[in-house]
Amino acid sequence: MYFDSVNAALTMEGHGAFVWSAYVITFLVLAFMLVQPLLRGRRLARAIRAEQRRQAAELPAEGGGHAP
Amino acid sequence: MHPKRKQRLTIAVLVVVLSSAAVGLVSYALRGNINLFYPPADIVAGKAPVDRAIRVGGMVVEGSILRSEQDLTTVFEVTDYAGTVTVSYTGILPDLFAEGEGVVASGMLLPDGSFRATEVLAKHDENYMPPEVAEALQGAQSADSPYRQGEGD
Amino acid sequence: MTQLLKLQDVGLERGVRQLFTGVQLEVAAGELWQLVGSNGSGKTSLLRAVAGLARLGVQGSITCCPSMLFQGHLPGLKSALTCRENLLWHASGGVAIPLSGIDHALAEVGLVGYEDTVLGQLSAGQQRRVGLARLWLSKASLWLLDEPFTAIDVDGSAMLEQQLLRHCQNGGAVVFTSHQPTAVAGLRVLDLNQYAA
Amino acid sequence: MWAFIHKFGSPPWFFRFASTAVRWLLPVVIGALVFGAVWGLLYAPPDFRQGNSYRIIFIHVPSAVVALAGYYVMASAGLVSLVWKIKMADTAMRAVAPVGAALTFVALVTGAIWGKPTWGAWWVWDARITSMLILFFLYLGVIALFEAYDNKAAAAKACAVLSLVGTVNIPIIYKSVDWWYSLHQPASIKFTGETAIDASMLYPLLVMIAAFYGLFALLVLVNMRTELLATYRQSAWLRSELG
Amino acid sequence: MQPDLLKFLGFQAQRHLRGALRRPGDIVNPLVFFLMVVTLFPLGLGPDPDVLADLAPGIVWVVALLSSLLVSGRLFQSDFEDGTLEQLALAPHPLALSVLAEIASHWLLSGVVLALVSPVFALMLNMPGQAIPVLMASLLLGTLCLSLFGAIGAALTVGLRRGGVLLSLLIIPLTVPVLIFGTSAVREAVLGYDPGSWLALLGALSLVGLVVAPIAAAAGLRISLEA
């Protein structure tokens, strides 16, 4: 480790605010880019499964149901 | 020839002619010094225009920096090891400005051959190294020049 | 009998929705075909696919003779140009047509005396007629017409039917879409609703 | 070869591939990012002139490099979509655009933050920064064009044409901005030296560049997978895949 | 018989020119827009002749770019709306050729006219006389580039309801080199130096545009017809 203490790593001889904010912004943006489609995908998958179950429940009434 | 193929051929020939004309024009344009950057050697040789905004770049000669005592005027010499130009500048110089460092000054060439800068920028180059390495480099290479100069970007 | 158009197993997908599948059609010279189907069944899309204007989402194979005329919903006429100029530049595809031919075509669609009138000054029905005048100038063998009878009065419809039949007798073929039931001798009908997916 | 391309172009196969790849890439990429960031932030030595502010290089340069490469990836997908009419190429284009825009944005923001301690200004009209800004505009244009079309198949084709025109233009834009900049202000001249960057800083930088490439692939695959879920929610293959 | 390409080009151009000349408002309005915006600058910046002369190359070029964007957005609009585009797409000639004819006639009526009247604007902004021929030449070449790039954007957005702003989003980044080359040429001329290099670059750019734009715009139009 280059820095002696946590405090030194945070301040970075006066440049800490710049460096850390750059990293934080970058990781926030990229995390958003990752999480947003992942969540949307999970929501979609849940909706598709629910629809599937609904149809599976309806099918036997019409006769000749099949397991998904 | 089949008319359809003749048509294609005509278009292909047109495309080739137009593209080669474009290449010709670009090479004509690039013969001129389009970005108005002159190394000190060109200025010494009288290739640079006088009384218009141009840029000069090179190394600050060791021991050449003279700071005025009345105002913020600084006079220093810039060299590319083939020619040297005296540059004068009034204002606050950037932190990275130092003897033996690269510098780019924009301003005007005066009739007496010296350069009056309106802006001085320390070279922000692609060299990144830890302080101890820099010191070692400085020590090892102070005899000859640490950098070879490339063309102005 | 020369074959002018052949559709094999043609289907159409819009987005992820299948409009129709498995359309088979062979059009030979001398045949007059009407495409029918309810709104949104894909009549216009099929006609545009055949013409080669819209092939996105089209399955199957379409073989169409290159000598083809397409007239869509839009007449393809400039309202700032006169009837004559419109037909001269529009119908020609770059081939010079004699002015007498144009005047003759305009006369056939009942527009004598309007040759030098700017299109924008004509009524909607008259403008349709100028568009249809192309049919008297065309040398194409296969005509693809989208709703040719729209906004045409009774006289005009009769005149148009005559022209379609004449074209078929001369060895051409016509495929058109229409909502109206058309009573023409020898008309063949393709109902897209039968192929709905 | 052809069979491989064909397989790649099939949505069910690609969905399975993307699901597996995401599962593997996710921990690897996050691990590499954290590792590279910690190395760069805490273990790499400071620069002899800029001090610690140079540590922004470890995210600034990778994001800029990958953002530019992303545009070419997008244009290549567009070319594939136009020439071979492979549906997955459309989906790929659609997926790359927001990722590229985000990376360009990151490069611009980190550049501005880096600029403050180095040049004393948040924004300078430097040739490279300006080119990056224009690249950002190009990405925004592609996204806006895609959103404007109702017919998504046509939208992808339109974006393909636009991004191909963009690739023809990028070198011209870059060069012209470079000239423009040097006309008005001094550019940073390049001195050709043997080693530009010391090994102790180069290695974490390389790790971060690799990690950002991985991140790019990961984000694109996640986007594509989600896009497939939305597009094929009615299809039987997707239901059996999820079931 | 296959009519030759040049004749077809002539046919198309004649069609556009005739149509446009019957509606002179379409030609005059962009010029009036140009005049008005140029008038705004002295009002905003102050009437100091030296300041204006300094900024004149940039002002004229930015306004030229904006007014060109304004016009070229509607380049294929009427052809799309009245069905002419369908017919052109089905014509035996490459669609790119019709596009080229359309761009050329559009340029004749917008860019060339603008270049011809540009000395008036130069005088309004106190530009030195020696720069005026260069201003005209740069506008002549530059507006051709702008029309060419604008055509690509117009082709891609012609079928969309809200095409206007979108077009600017797509095209402005692509026109950056035109702006740089154009203003640089004029500025060099104002300072009394040789603007040849910049004019040559503008020329090269228009040649590249002449090759790329008709093909790209034709592809864009076919896509717009599909949607």
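We just call them A, B, C, D and E in the order they show up, numbering each chain from 1.
To be clear about the criterion, contacts are C-beta pairs under 8 Å (C-beta built on N, C-alpha and C of every residue); 3 or more make two chains touch, one makes a residue touch a chain.
These figures come from a predicted structure and were not determined experimentally.
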Common contacts of chain A and chain D, by label, are none
Measuring centre to centre, with centres taken as mean CA positions, what chain is farthest from chain C? B
Using mean Cα positions as chain centres, tell me which chain lies farthest from chain E. A
In whole angstrom, what separates the CA-based centres of chain C and chain E? 36
Roughly how far is chain A from chain C, centre to centre by C-alpha average, rounded to an integer in Å? 53
Whole-Å gap between the CA centroids of chain B and chain C: 67
Taking the mean of the CA coordinates per chain, how far is chain C from chain D in Å? 48
Of all residues in chain C, which are in touch with two or more distinct other chains? 56
Considering chain D alone, which of its residues make contact with at least two other chains? 45-46, 151, 153-154, 157, 179, 183
Which residues of chain C touch chain E once you look at their complex with the stated criterion? 51-56, 68, 70, 72-81, 85, 89-90, 92-96, 118
Applying the document's contact rule, which stretches of chain D touch chain C when the two form their complex? 151-154, 157, 231-232, 234-235
Spell out the part of chain B that touches chain E in their complex, as residue ranges. 3-4, 6-7, 10-11, 15, 18-19, 21-23, 25-26, 28-32, 34, 49, 52
Report the residues of chain D in contact with chain A in the complex, numbered from low to high. 37, 41-46, 51-53, 55-56, 59-60, 63, 98-99, 102, 105-106, 109-110, 113-114, 116-117, 215, 218-219, 222-223, 225-226, 229-230, 233, 238-240, 242-243
In the complex with chain E, residue positions of chain D that touch it: 82, 134, 137-138, 140-141, 144-145, 148-151, 153-155, 157-158, 161-162, 164-166, 168-169, 172-173, 175-177, 179-180, 183
